[in-house]
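One chain, chain A, appears in both complexes that follow, with chain B as partner in the first and chain C in the second.
Right, the complex of A and B next:
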């Protein structure tokens, strides 16, 4: 039971929407497609669902070639970002509709719909119509339809993006257990790195119609293979600045320098790009090994209990994200600190070297 | 009564005046109509209505009109549905031009088409049948129906189609079971306008019929000239002509509001 993409591409006219992509999605865990809006997540899902035709390549489900198969024959489910339900049908009929089309017995349909409705807390709404439900309930109806169908593959295209914060959290916590033990390949597209981390499983990072990295989520987060991957999997965007290695020291073009240890120490001398996540840049000193970065503060934000400050570091703008409320003064120079152990080093071509 | 309701009331009274006059006339005798000004019928009579419902030349006019209008509405909406779906869901070469060209059909006066239709239908033996008028009216009504339906279909996200296909619906099944119920308001509005335009169109209907399919409007003009001034009878016929339209409007009034909101009516 796996969904395999072999050198898949998609073109619209002359424009390449999906560059050659090869992936294997395994069942039993969440496969997250992470990328910005327009990075090709939805395009890729449509290809896998059979709603768009491949320009080249092959698509295999459980080893069977389904490249030319229509979506009707693929035994899949799809949940969109917008709450898509059949407006003239009750919630019960909405959940039951794929089963009715498949020609299942009435008792079987009844059972499956009720089971799905119970899991998604839709029992009291079964007789209502979608427009009488809240956004969260509408999306749960769409999810229930996907579950009740018991398909081989389930595609969730940013299903939580249009929900308000509270509902999103609630439904997100529920999602992994919803599909656990069903044996379906679950592909979940999102533009939020935090969601990928929370849902775990495998993550494929996407940018400009290309999968830049694919692997276990935590591993990808800790070891982004390129600067591009690091940027995709960071919110706010990862801080990066040019630097030069000389001997066992790394020196930022903007000024700060520190001694290198471990793998980084054995790199060849020359230009590199140093990158560090915003929450590893803090406005106060904690460890002796920390490097001091100073620059004028440009913008500050306070969100919940975290405060972020955008400050100028040479040619680049860096972001610091730290818990607590800090007395930043826009325009004034402020000292920030980072531990070199948290730094990524990328070669000039963008590949991670240490 | 508040001050600001005076103007709408005056306006509605102004609009309703000719209709009231028509209805009042239909209950008057011919002498009273010709005799002078009277706001209400002095002597109520149902003679005009009795004539219409008993004389076949009169009531067949209604049956003929309803027959070709119904045929036309069914054809127009049935043909327009797939066309509107194509315009709303697919991009193809010249789609926008074709869509505009459809509308330009409505810009030509009906008189332009009267002669070619007359000659063509006479040649193929369709002259003086319901089909002659019904098909001729398609020329105006199909583009209109496509235009209206495309507006409603454009309001349905493409994701609905995709969800249905993924759920296993074949295209015909999706179209009939999911899509049509979703845009039923649009179908109602399109049908209403086809009905209305076909019902009030006189020139083609008159030109393409002689005896067997003669519409009520044609009957009205002819009877008026042959039997002198039968104004009461004409007024009764006119009143009855308004009724089908009023009934249809009553059924689709909520949908039409939606159509206006979409900017397609």
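Right, the complex of A and C next:
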């Protein structure tokens, strides 16, 4: 039971929408597609669902080639960002619609719809029509349809994007357990790094129609293979600045320098890119080993219990994200500190080297 | 006691004046005529509801009403499904969209009397393109100035040619507003083309379709210019629709009383039928 993409590409006219991609999605855990809007998540999902044709490559489901198969023969479900339900059918009929097309017995349909409705707490709404439901209930109806169908693969294309904050959190917490133990391959597309981390499982990072990295979510968060991957999987965007290694010291073009230890110490001398996540850049000094970075503050934001400050570091703008409320003054120079142990070092070609 | 500010009336006044001059006053003139008899010299006598009774009982009115109802029935039964089918088969994106839209809109841009004149010349047996072709090339006897059936076919075809576009454009607007996601969901479900139409396109088109049916009903029930220019109500009285008959009575015979009574009955029928259509078509909608 797996969904396998072998050197898949997609073209529209001359434009390449999906560059050659090979992936294996396993059932039993969440597979997250993480990338910005326009990075190719929806295109890839439409390819896997059979709504668009591959330009080249093969698509296997449980080892069987489904490349040329129509969507209905693939036994899949797709939940959209918009709430897509048949407007003039009740919730019951909406959930039952794929089962009716499949020609199941009435009792079987009844049982499956009710079971799915129970899981998604839609029991009291079965007789209503979609426009009588809230956004969250409409999207739960779409999810119930996917569950009742017992699909081999379920594609969730930013299903929470149009829900308000509270509902989004609630439904996101339920999602992994909803599909646990159903044996379906679940692919979840999102543009929010935080969502990928919360859902766990596997994550494929996407940028410009290419999967830049694929692996267990926590692992690729900790070790992004390229600067591009690091940028995709960081919100606010990861801080990066040019630096030069000489001997056992790394020196930022903008000024600060520190001694290297571990793997970084054995790198060849030359130019590198140093990157560090915003929450590893703090406005206070804590450890002696921390490096001091000074620059004028450009923008400050207060979000709940965290403060963020954008400051100028040489040619680049860096962001510091720290708990608590800090008295930043826009325009004034401020000192920030980072622990070199949290730094990533990328070679000039973008590959992670230490 | 609270002092009531009466200035509000001033703001409503322009609308009241406007509506009075374009609807109420002409309408009340007709009501006035409908209950009086005159023998000229601007002298009027009270006639009560006599004209209404006469009109409703007259064979002439009933026949005209029957022809009118039959005409409208044919128009709706042909134009609405045809309009939906054409709208469904039009492209939703690409180069051909503007071409189709402009082609569809063209007939509606032609003035009504020009449409009547066009079709008149087009179907004349000896000089008209269609009339000549049917009679002298295909050998089918077709003359709408002589044969009532030919006249009816021509009147109906002309209206279909002129007004199906309205249904098409309204339905098309409803269709293109359906997000792609619905079609994708249907594809994944394996829904047939019929199911897509029945459960996605039709419900999403329902509101514009209601408007289309209402507009086509009212316009076809009140139609005057095109059939009048085309056939003048003939041959005989075979295509004399209500409005044509009304004009004959009012301006031909100058029977003001009966014509006014007939106008009011005509108006009442149109109003009632429109209300009925609208109520029936929207009764399942949840507000």
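Remarks
Just so it is clear, the second predicted complex is superposed on the first by the 354 of 354 C-alpha atoms of A that agree within 3 Å, B and C clash if a C-alpha of one lies under 4 Å from a C-alpha of the other, contacts with A are read in each partner's own complex, and residues count from 1 in each chain.
Quick note on the criterion: contacts are C-beta pairs under 8 Å (C-beta built on N, C-alpha and C of every residue); 3 or more make two chains touch, one makes a residue touch a chain.
A quick note: this is a predicted structure, and the numbers were derived from the prediction, not measured.
In the three-chain model built by superposing on chain A, chain B clashes with chain C.
Applying the stated contact rule after C-alpha superposition, one finds that A:184 touches neither chain B nor chain C.
Of the two partner chains placed by superposition, A:199 touches none, neither chain B nor chain C. In the superposition on chain A, contact of A:76 is made with both chain B and chain C.
In the superposition on chain A, contact is made by A:97 with both chain B and chain C.
Legend: residue contacts after superposition of the two complexes on their common chain; A:291 is shown touching neither chain B nor chain C. In the superposed model, A:274 makes contact with neither chain B nor chain C. In the superposed pair of complexes, A:129 makes contact with chain C only, with no contact to chain B.
When the two complexes are overlaid on their common chain A, residue A:88 makes contact with chain B and with chain C alike.
Common to the chain B and chain C interfaces on chain A are residues 46, 49, 51, 70-72, 76-78, 80, 82, 84, 86-88, 97-98, 101-102.
Of all the residues in chain A, the ones that touch chain B in their complex are 46, 49-51, 70-72, 74, 76-78, 80, 82, 84, 86-88, 97-98, 101-102, 142, 145, 149.
Residues 157, 159-160, 162-170, 173, 178, 181-182, 184 of chain B touch chain A in their complex. For chain C in complex with chain A, the touching residues are 179, 181-182, 184-185, 187-191, 195, 199-200, 203-204, 286.
Those residues of chain A lying in contact with chain C across their complex are 46, 49, 51, 70-73, 76-78, 80, 82, 84, 86-89, 97-98, 101-102, 129, 131-132.
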